[in-house]
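What follows is a group of structures, each given as structure tokens.
Next come two complexes, and both contain subunit A; in the first it sits with subunit B, in the second with subunit C.
Take a look at the complex of A and B:
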């Protein structure tokens, strides 16, 4: 990444500190990744857990879910995902440039 | 020799019919599809072709998700998957031997 881009990302993270603090008060943590390269941008987890979520949830599962929704109806679009397992619940919100996952 | 695995209750035909009627009678529910172990629709409010066409992608989604979950946490197990699209909301609930697919109107609002 270019230095200007990294600087812009740091600015966004700084401006959203209040939001991320509110998330971590009620949830186990969050992961923010970039859509273009599926790279980790910001997280409250340790690096191994965050990379695992980005790799399996964002890069693999979310892309398939989005393409399946488009297959069923070309006008439709995936807005939000909730994955409830026995131990956790993953809330995945894909945006235009980023994907945010909150783990309850 | 083998430790007792947790016994899941049997899924009889009457249970499946009861679950189908119960879910179908809920407010805001548009369509219900029940798949068997092989992934074939056995009960549906859609036409048969529509049900087959609709359930195929969700079986693929479920398979991909379960493989991903086993990488993130091998001891975890999928209970429910909820997909919110622009026009509706789809719930996928894996049960013992059946899979429940529900299409309902979304209760929230997305400006997208």
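Take a look at the complex of A and C:
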């Protein structure tokens, strides 16, 4: 399962190198993780930072935000999440199979 | 949305916000009602003010609706604070924004209060994941 995602991820990275470079120009970095197993797929950070972002933001906080939106309105669905702190800003975009987080 | 409720929102806003926020409010209008009216004009549907522990103090919508929002958003707010603290102990959350298909929820986490603005979209937006 993860190998299929990994291979597809490599293809996507190859095709979107320009987009990735454009993101890293304006942001500190980005993290892409797989939804099913909450495993790290692609990142521009070092491994420790990326793992902590995946563990805290994607695995627990994003799930709570999604269930919160679902509780407020059953027809609604979370599209985007921005968390602004004093030092950084986390932009979390949950997709069907992947979750992308950009840190400004 | 009663008039006294709107006035109360503005009074609480003026009392609890720091000086910077007051300046921001004054740049919009000196009249408290205009502040709320401007929010409504720009698409804000509801405004709620909570204290730092998550107890709702003032709201522009009904008590029942306020309770629904607060009971759902309170664990999210506190978890957000904990998550940011876990990632970097010297960092602190200031603002959070949840975008869903039908609307947006903006949450300002100050030291004394929590301000929640619920905003509805004009048209239904198809999600990229649907």
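Things worth noting here:
Rule of thumb we're sticking to: the second predicted complex is superposed on the first by the 98 of 104 C-alpha atoms of A that agree within 3 Å, B and C clash if a C-alpha of one lies under 4 Å from a C-alpha of the other, contacts with A are read in each partner's own complex, and residues count from 1 in each chain.
We take it that a contact is a pair of C-beta atoms (placed from the backbone, for glycine too) under 8 Å apart; a residue touches a chain by one contact, two chains touch by 3 or more.
All values reported here derive from a predicted model rather than from experimental measurement.
Partners subunit B and subunit C, brought together by superposition on subunit A, clash. Contacts of A:82 after superposition: both subunit B and subunit C are touched. When both complexes are overlaid on chain A, the residue A:11 reaches neither subunit B nor subunit C. Residues 52-53, 56-57, 60-61, 64-65, 68-69, 71-73, 75-88 of subunit A touch subunit B in one complex and subunit C in the other. Subunit B contributes residues 53-54, 57-58, 60-61, 64-65, 67-69, 71-73, 75-87, 110, 112 to its touches with subunit A in the complex. Of all the residues in subunit A, the ones that touch subunit B in their complex are 49, 52-53, 55-57, 60-61, 64-65, 68-69, 71-73, 75-88.
Note for the complex: subunit C touches subunit A at residues 68-69, 72-73, 75-76, 79-80, 83-84, 86-88, 90-103, 125, 127-130.
Contacts from subunit A toward subunit C in the complex involve residues 52-53, 56-57, 60-61, 64-65, 68-69, 71-73, 75-88, 94-96.
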